[in-house]
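Note that chain A is present in both complexes that follow, paired respectively with chain B and with chain C.
Right, the complex of A and B next:
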């Protein structure tokens, strides 16, 4: 329990927690507009990581349909990240069209939307496996060009490492959060989005094209999902097509912890879970995957509306 | 006929076993609550049976009880299911909406991490060589069959008494039900715990059936599959879980030539049923029957 360990854990927690926050915001945006959880978000996260990998590296492993294929050109990593995220946004729109819109038009039970989005997730994940196999993909270590892998400080005689990827994780997440905050709080489009979230019927009477804004929300949500997938993939490697499932579930813990539908809540929840995982004592590290879900239970017991959620209303 | 059972017997036993898991999700759905916890309780129930069946500590018990060790395992799994079910369900079920689904997903994940870290559960390898109750795996129908009949009877009886009406009232409109004096939380917890108990006992019966037990029995994917049985079969029909399980368990056999791409098709089936048959197979059949009857009667 020395100071260097605390500092190292704080750094690790903040960088991974900020990615959790960006990822969880994708859930929050859709939830605040439709009141349902998009279970395909974890699949879009996975897709984003694979797309960026394809664009930046251009070659695949030995399994799957695309095994011998290599792309004619590859992009530098920042461009690949951006294009991968935009394509993930389009995938998010496809999820809305396939899994949510047909059900909304029929006025179906909201529980069904949950299952249909799980169905789409199943399709995406298995399609990835079919195309590129179930093997582990790691980004090459030279994707950041000449930047060093890590900078090591000495604190009280003990080393504290700041990995380059941690800085990139944190910086990219902060840029996304700031951009999103600006869009929702300061622009006309953001205002219309808030109106749609408040009451879709009234918004449509006031001339807001609700379906277009729902589609736009799914685009942003997919973009956030794909971006965070890439960041996690660069940081820890892509452990196969199912690697998004556990992050997808962790993202649910983040939004419940922060308060369902609350944007600041998702950010706070992400950081709390990231820090909670990082500050787990080393001898309990095998329980790391349970931290998020234990926190979820704890919050349901003591403050079910989440850290920043409003009072749970009882609508008739 | 005997040839038929030799070829398809295992498939039929598996269908009944999976239909039991579907039914365990059907119970909370009767009160309008979506729970994905079943697979966690199934996993825990299986570990109870696996540990009691193989651990040296229980060797004297096994020697003394013989075949009756199996019912004792079911009893222990049942008690565990009820106690844990109340502990998990109560905090989540005070709330309305999606909270139970989220809490139960968390429960499944925590169970998974916990069993991987328990030496007695054999870590990632799991537990091997669980004693068999029967010579042939087909005979396990004598475990699953009666349990299935019992569970179906409970569902059938519940719908005829006040408790079932209270479930349906909570499902249709929780606020109105509460206003009419129905104790909504108590009813939701009861429906949830019935499902947990059934899943735990099914797990305890399945450990000998499958011979080995490990953490892969309790994944998130598996819990989604169980939910799919109910929704594809029809979430408002007693027979829905059986029909859904029959379809989804035999689908991979039928689609075997498709190999790797058959999971993609599974997803397509899930989406298509949600969109085109929102009441599931049983609901679709009922609608068809209504239409045919209307046609015969000449009522437009």
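Right, the complex of A and C next:
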């Protein structure tokens, strides 16, 4: 165990963990306002990665219905990331309109929305497969223009590398987290959002348009999902239309571990799981995908409400 | 012309009928009270007026305008404020933020700040606790906050559902003094109360609700002398 390895793992863990946090916040926001998990969040994550890919590269791929189609223009990566995230936000709004609102309006059991959101997720994933095929996509390596691929420095004679994408992951995540924290904690809209989350009837009696805030929440949630999907896609490649499924499960582990409905909990949970994966000894790296669930299991044994969750009685 | 007119209002919860063919009106500047036994349908009438429940039938007019199809958040903008039964304060937000959200539909920052100070004068107990989260207030303090929050929208019509519920006698009379004071300043109020005696003292007119319908109505002074009322509600 040497210092360079520790530092390298810490950097890797912080960058990937911050993306987990951003992704998981998308679940948390919807959960805190509606009290349900939006199972389509992982599909929006996938969709965001594909959309940004198409916008940055200008074509859709080798296979599927859209294989011959190419876009008339390509966007520089930062613009593609932004437009891809905004489109994902719109996709999030569509999820609310299709899977959640119709049930809510009929006063159906909120749990039913779990099933309908899962249905939307399946449709999106299959549509992606139909349109662009099931291959693995990798963003071209020149996507950051003139930026170097990595910054390498040496610690105690051993190299430590920080990839450019890791810096982008971390910076983009921090910007999103800070912006969200400011909006929810400091602005009038944020207070109204919290009021809606606490009691929708009371909020409407204050003149707050509950449905508009719910729709806005799905927009932000979709935006966070699409953004994190793209960032992970750039970092590790887009592993096909089912790309979002495993991250979707990992995101659920993050929010349960951090404490359901808690925003700081989602951030902490993301970082804990990211760091846990990064500090896995190299000879155990094939168990990486299990880390989230082992941590989840271990922490729930000690704290059933998650790291920063309120006491369980209060939730019921 | 009446500020609020309700005609033929019916409310159902599933197959259960809670309000049947209720008509009532409240004139601008008037305090009107609805009294009745538990489960008579008083809360349901208020909830239908502010659209927390969608009425099954009936017409609602506010200031002469048909508002039957409008959702609660729009009615607030038109000047209706509803302080619901069971002091629905936002427990996780501070007293100050609750009041600020009461003025959510307003944009006149300076006047909002002034009104906030006025609420703290009206309810000094809240003033000492403005940074405290509303969930930590006592029941009576939460009730005051719920009323103050409704007033922060500068409503033209205030719907108050059981403002004295669960309060110590001394607080009950304090709350009724405040209601009478609001009335004296010209606030229009539709008041639902278990405490019929006090409610009829502050209200110019009274409606008696029984199993979902209005069975008696008239000037409070007259009804207070009516044997049917004294026996059932003032006894």
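FYI, the second predicted complex is superposed on the first by the 313 of 316 C-alpha atoms of A that agree within 3 Å, B and C clash if a C-alpha of one lies under 4 Å from a C-alpha of the other, contacts with A are read in each partner's own complex, and residues count from 1 in each chain.
Following the convention adopted for this analysis, a residue touches a chain if its C-beta (ideal position, glycine included) is under 8 Å from a C-beta of that chain, and two chains touch if they have at least 3 such contacts.
Remember, it's a predicted structure, so these values are computed and weren't measured experimentally.
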Handout entry: Superposed partners chain B and chain C on chain A - clash or fit
Key = fit
Exercise for the section: Classify the contacts of A:62 with the two partner chains as first (chain B alone), second (chain C alone), both, or neither. Expected result: neither
Exercise for the section: Go through the superposed model and pick first if A:106 touches only chain B, second if only chain C, both, or neither. Expected result: first
Exercise for the section: Pick one for A:253: touches chain B only (first), chain C only (second), both, or neither. Expected result: first
Exercise for the section: Check whether A:121 is in contact with chain B, with chain C, with both or with neither, and answer first, second, both or neither. Expected result: first
Exercise for the section: Pick one for A:207: touches chain B only (first), chain C only (second), both, or neither. Expected result: second
Exercise for the section: Name the contact category of A:73: first (chain B only), second (chain C only), both, or neither. Expected result: neither
Handout entry: Contacts of A:287 with chain B and chain C, given as first, second, both or neither
Key = first
Practice task
Check the residue A:300 against both partner chains and state whether it touches chain B (first), chain C (second), both, or neither.
Solution key: first
Practice task
Quick one: the Cα-centre angle at chain A between chain B and chain C, nearest 10 degrees, please.
Solution key: 90
Handout entry: chain A: partner with more touched residues, chain B or chain C
Key = B
Problem - Gap in Å between nearest CA atoms once chain C and chain B share a frame through chain A - result: 13
Fill in the blank from the handout: In their shared complex, chain B is touched by residues of chain A numbered 36-37, 98-99, 102-103, 106, 108-109, 111-116, 118-124, 126-127, 129-130, 245-246, 249, 252-253, 256, 260, 286-287, 289-290, 292-294, 296-297, 300-301, 304, 312, 314, 316
Handout entry: chain C-touching residues of chain A, taken from the complex the two chains share
Key = 188, 191-192, 194-195, 198-199, 201-202, 204-210
Handout entry: Contact footprint of chain A on chain B as seen in their complex
Key = 34, 91-92, 94-96, 98-99, 101-103, 105-107, 109-110, 112-114, 116-117, 175, 220-221, 224, 227-228, 231, 235, 260-261, 263-264, 266-271, 274-275, 278
Problem - chain A partner contacts - residues on chain C that touch it in the complex - result: 50, 52, 71-73, 76-77, 81-82, 84, 88-93, 97, 100-102, 104-105, 149, 153
